[in-house]
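Chains: A, B, C and D, in written order; residue numbering restarts at 1 for each.
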Amino acid sequence: MKNVKITYIGGGSQQWALRLMADLALSEKLSGRLVLYDIDHAAALKNKEISAQIFGKPGAVGKFAVDVEETLEAALKDADFVVISIEPGPTEKRFIDLKIPEKYGICQTVGDTTGPGGIARAIRSIPTMADFAHAIMAVCPDAWVINYTNPMAWCTGALYAAEPGIKALGCCHEVFHTQEMLAKWIAETYKVDMPTRHDIKLDISGVNHFTFATDAVWKGKSVLQDFADSMKAGEPEVLSKNALDREANEDWFTSEFKVAEDFLARFGVLGAAGDRHLAEFVPWYLSSKQEINSWGVCVTPYEWRVKRSQNPDEARQKYLEEDLSPSGEEGVVLLEALAGATDELVRTNFNMPNMGQNPDAPVGAIVESYGLISENKVEPITCGILPSAVQALEDRNLEIQQLVLDGVMNKDKDMIFAGFAIDPLNAISPRASRALFEEIWQALEMDY
Amino acid sequence: MKNVKITYIGGGSQQWALRLMADLALSEKLSGRLVLYDIDHAAALKNKEISAQIFGKPGAVGKFAVDVEETLEAALKDADFVVISIEPGPTEKRFIDLKIPEKYGICQTVGDTTGPGGIARAIRSIPTMADFAHAIMAVCPDAWVINYTNPMAWCTGALYAAEPGIKALGCCHEVFHTQEMLAKWIAETYKVDMPTRHDIKLDISGVNHFTFATDAVWKGKSVLQDFADSMKAGEPEVLSKNALDREANEDWFTSEFKVAEDFLARFGVLGAAGDRHLAEFVPWYLSSKQEINSWGVCVTPYEWRVKRSQNPDEARQKYLEEDLSPSGEEGVVLLEALAGATDELVRTNFNMPNMGQNPDAPVGAIVESYGLISENKVEPITCGILPSAVQALEDRNLEIQQLVLDGVMNKDKDMIFAGFAIDPLNAISPRASRALFEEIWQALEMDY
Amino acid sequence: MKNVKITYIGGGSQQWALRLMADLALSEKLSGRLVLYDIDHAAALKNKEISAQIFGKPGAVGKFAVDVEETLEAALKDADFVVISIEPGPTEKRFIDLKIPEKYGICQTVGDTTGPGGIARAIRSIPTMADFAHAIMAVCPDAWVINYTNPMAWCTGALYAAEPGIKALGCCHEVFHTQEMLAKWIAETYKVDMPTRHDIKLDISGVNHFTFATDAVWKGKSVLQDFADSMKAGEPEVLSKNALDREANEDWFTSEFKVAEDFLARFGVLGAAGDRHLAEFVPWYLSSKQEINSWGVCVTPYEWRVKRSQNPDEARQKYLEEDLSPSGEEGVVLLEALAGATDELVRTNFNMPNMGQNPDAPVGAIVESYGLISENKVEPITCGILPSAVQALEDRNLEIQQLVLDGVMNKDKDMIFAGFAIDPLNAISPRASRALFEEIWQALEMDY
Amino acid sequence: MKNVKITYIGGGSQQWALRLMADLALSEKLSGRLVLYDIDHAAALKNKEISAQIFGKPGAVGKFAVDVEETLEAALKDADFVVISIEPGPTEKRFIDLKIPEKYGICQTVGDTTGPGGIARAIRSIPTMADFAHAIMAVCPDAWVINYTNPMAWCTGALYAAEPGIKALGCCHEVFHTQEMLAKWIAETYKVDMPTRHDIKLDISGVNHFTFATDAVWKGKSVLQDFADSMKAGEPEVLSKNALDREANEDWFTSEFKVAEDFLARFGVLGAAGDRHLAEFVPWYLSSKQEINSWGVCVTPYEWRVKRSQNPDEARQKYLEEDLSPSGEEGVVLLEALAGATDELVRTNFNMPNMGQNPDAPVGAIVESYGLISENKVEPITCGILPSAVQALEDRNLEIQQLVLDGVMNKDKDMIFAGFAIDPLNAISPRASRALFEEIWQALEMDY
């Protein structure tokens, strides 16, 4: 067992911190210290309080001392790993991301990644992430940083923009769901036992939440064409009903992959993220609530998000009652590999500055790709080539990524606006687009 | 006087052929033979008939024998120059470009350059232009070809795709109007005599009809910032009224440059084409008739186009009654320079395959830039750099240009569809987008 | 155990075929059929004859039936894997590569990769490799091809130039030796047990035989700077004596890594190939026999090569007398991974067309990089960035690679000559350079 | 007549300052003030003294008041134009450039542009040029700067590296001589009156002194192929004798264009600079004095340079005795065009940071190309494409340019050495190369 110190920024979270503790409790390869840090210090203390319960559950093997620190610097001291998973501002700030654009006719399913909502969230997240980066490089420059915070590309980008020497990865589980969907389809189609998601080897390319699988290999055989041939478009009426049923059940996150499949049908590559994310990168699926529902997708409401955030203890309690089980996230697997606690190479997807893994994206842009993780070493794998029409859609997003990141880092409002103005969801009158931007700017209390 | 043979493909045109004859009649540097060729042979004959009247008008100095040939090959024989200015198909074919998309909620001001209408027109023009290219290279491979036909980028691109060794330029007067507008503004602002448009030296970059001026120099002084400072946004109500008044007067082509100026206000570069063209490249101005009118721009109706095409003799007669005057086009100036009939270097804008003049566009893409014309020599001048947000808009169009051109040249329907699907005006439901494409495809009687 | 059919082109070889059989005999994961094919049919038969002895040695676990076929097509039938390891022409052809350039003052240590000798060898190898590629794609298009033949970049490039859809890897052990040298240094420097070469994780970039390590990681720690700090330049006199001693012992292949280290001292990256290979890519070490000896390197003489080739049975006999031991090559490890006979990911170096793994090389050029091998899947890993001075040296070689490959594939003598003329070893008078080229051309009996 | 103020840095020069005065005296379009500045103040005063004689010669029409200033800042005040033509250090410093490399077996024909000599000269020129740039931007930021100083690429590059907003052009007459040579050949070949050099329109690409003509057009007709067909290689013996005869006559600068033609014969493009310059960029022509003489080229000796520099008054006196005649330089033509004193567009060659005019060179590198000059406006023309073998030679030089410029600007000795080490003329032992570098470094009294 390797002994490590892990610092968790956002350690007061009602969900992610508990899940990480569960995964650590299940790890046979790591032990040591976990330090929770959160601007909501009380929440971090609560998580520390219940940590013993998690590490004491039946099946727990990992041994971790859990502490809380009041300052970021104290929390980072001697850290081997830093996990960042925060919400930028209280949940009520999401009003800016979601409700203000709605007034101008722009509806977003998630609003945390791209579009006017994602950009608003980026404007307030980037400086925070830049501060984290400076603190990390001052206190524990050799630590590996795993970021889970959205908007993924902007948050990871801010870490590198502030401190180019930082060793940071952005991790996201969306691609896992695509593997799971394909695993299920394989079991049904080829009449075999359900493969695990790891048995499906994808080639992906793109930016986080707008990734595409250019190939899917199972047992050495490419199955993407078979999958494409077997797809059924789905009746808009049926899909709409499914969406409305889910809305009634507050089941916001289920995806029928009809948007992902629509990309495959029209352009030849399978969307490799949930439909609610994919839909936000193009002006096609979100023109109206009816349209997005007709793909089986619901809009996660602002009101539900606020409601949930107001009952953190309830979520914690519910989690404690469950049996110890793996979260499905790969964070601890990465920590094991980076710590040299395993000899196995880990091949997984992550977000990092492009150093060539995506030959069609600018060097330095934050892209998602597969890569290889081993002791203190991360090596991106060369991406497959996207069809040029899909790459053109990616290019737009990459350009917006750059403009908003540079704009916020340099306090250049015109540059941020330029990125905002060319966002595909922003297909409204230029006059309205300017008014929306100014309303967001004011709500964010920006002073430049 | 240099003796040259000029072949005019589309020589039955009721307007452009007469204007070229007028410019030739006014040229002190060229004489020779002009051969008209048109699939509407009768129309060409009519133009020949009235040619003597044009060359006989007071003020005419050029001496040209005007002939008509029945076959393209005969017309091209011994040509030094080939001018191409055709309408692809009878005007009624524009129903496909304009009225079918309208059914799906897509309204285009012109519909001959980009968007679903421009793509429909490209699909039927590209094979024709490719045929012209083959005939030219077979019969008169050393001739310079001046193309005036829209969609400019696709038609010029088809010439080069079919025959990479062809010597062709695509010429367009839109940039001239921007110079004229600035000349007027200079006279008013600096209280000087009105400069000629040639006194305003622009730097431009982009694709035809979506070009931008990155600088405007008058008497060695950059005036773009002064112009930007003096712009007034204009009241939407007033602009809408102007547009409706013009509609009532069938005055479709006047531009108040409010779209051009909106780009300058928001992104820092001045649109250098008429507003009715600029508006078609982005999803912002054409969301409704009200929106486009609020920028002072009218939609040229299909019905008016058909009506005009049905009275060609009327147009000819009207033209004959006018005094001989320069058309404002630069075709004959280019012919003089290319023929070596003048020692002066000519600096003008044209469309050619990118060989580096636009460092931000792919090599081989048809881009518009300034260049230098001299005897048998055309040299593009390096373009200014567009702001990256505007370049991102150009990039989308360049990608569509490539997909549709390659798709038509290789009879690859999926590739054409991919270009169609990512067109910014095509911001409709993917299901509707597919249906629209299929309806256009059927109306065009495509068989692949 | 996975059942596979392996076809060995060049199966009459006195060394490589035997080594592959030994590795197969030691494999616990593969069994099946090995088919030997060679234009020297008798040699292949001899190897078949002794195969039973190899598979019967103590310690052998793999079960392979060994056959010989008289035609390439018969040999390739149903192949899952094709191994190519040939000598292009009888060894006497090496006179052209080695002795003709010597007359013009150009001395090469190996002469099989680059320089006039490597180019001569490329001119005669490329058409042969292209023929292999066509046969493979006609008979067993799904087979993976492992090429061991030099010149590596040109031979692998010819396979892809002839058949872009081929699935081929070029494999070379030079990088292994760099790992072994570092392992030894680590044991000495850090006073630890000798690591295996697999414990040293290199980052490499470049072309085969001119690769450089931009980093070397052992137990998660970068050791390259320590290594650089500990290097001693070495006295030219001592190194010369070493070289001459080795010449006397016909020990041609030993490398003291002084050239490799010289690159590290001067440019910051460690040469990751034997010195006798590295020296041939620049005009610095081979100006005279004295110069190259002063780096501890000998020139492998043509005469010795011929002598060895004339006693194949002796080599075979010697091999049979040895105990069964792994060859040190990775071919069988790759076959196991590609066959899906193991669950472990294999990370190794190989040569493939650049698809982005080397962001500084042209797409399609044959570059060496690390990559990941799994069932029917090969994924290149993004290379480290070379210092720009070293990349400039690589660029020259990449340009020559392209000119000679394209030139031979298209029978364009001028293009081949252009590549030859700019080779760094060809720093002789242009008049002599032309004469040398023509003498080689004639000796190769080229007819275009 | 336009009234301008011209500042001449290096105004004490015994040749260039007088020639500029002569050209100004002959200009019908400019008048005003010429201010001479030189660190050798006495020399500048001498030139002022004789200025009246030049402006008073028969045929003089331009009216210029000539002044001398003691400080650079005073000289630059109100300047519209700045001409820079200096020798970096006393001529004796050329010992470092020429005689030290000779000790290591490296012989250079000129040694002011590239190779060890050019790099030594760059190391001492770049800081001086950077100082000029800072002074210009502080005092007269709108002035156009014409640099004549060698090494051209490094000196012009230093101006832009120090002050990216500077408006500077590097001008060189080498290409003019290629035009003149072709003019003479045209007269002889086509039996016509001798054209002027302006009648020969070249397409060029490359870096200064290593430019190549990809085409040569006369009267609208490409003549390069005819020229290539008519070339005769020349007997080495005869050429050697010519070279030795010229040495005896101290006629160092005459070129027979045999190196220029050798490039055309071998690679398809004509060297467009004097042979003594072209030869220094490749390792082929300067391997020995015999070799370079065999191309009809002499080595300009250090001793002659020193001798000449010691008799400046003699040179001045000789110049004063001559009739007033144009210098053949284009400086004043550029000043007229930039000042708006003429309506004609000027097409000429110059050196500027690449902004796309050379699609094969990095953006920002100093490249030579044609361009268009008009009032306060300079527009590069897109270069022709060099054959890839020649581009590979250019690439090496461009890489060295970058390493040495960045190295000197950032006082990074290792970076400068990296550029030095990969220079093609530096094809000596790495040990000798390091020793040579250190000897130069010490002689230059560098302190980092």
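The rule is simple: contacts are C-beta pairs under 8 Å (C-beta built on N, C-alpha and C of every residue); 3 or more make two chains touch, one makes a residue touch a chain.
For clarity, every value in this text was computed on a predicted model and none was experimentally measured.
Peer 1: Taking each chain's centre as the mean of its Cα atoms, which chain lies farthest from chain B?
Peer 2: Greatest centre separation from chain B goes to chain C.
Peer 1: Could you put a whole-Å number on the gap between the CA centroids of chain C and chain D?
Peer 2: 46
Peer 1: How many angstrom lie between the CA centroids of chain B and chain C, rounded to a whole number?
Peer 2: Going by mean C-alpha positions, chain B sits 57 Å from chain C.
Peer 1: Please give all chain pairs that are in touch with each other.
Peer 2: Listed by label, chains in contact pair as A-B, A-C, B-D, C-D.
Peer 1: In the complex, go through chain C and note every residue touching chain D.
Peer 2: Touching chain D from chain C are residues 236, 262, 266-268, 283-285, 287, 291, 294, 387-389, 391-393, 395-396, 399-400, 402-403, 414, 417-419, 421-422, 424, 427-431, 433-434.
Peer 1: Applying the document's contact rule, which stretches of chain D touch chain B when the two form their complex?
Peer 2: 201, 203, 217, 219-221, 340, 344-345, 347, 355-359, 363, 370-372, 374-377, 379-383, 385
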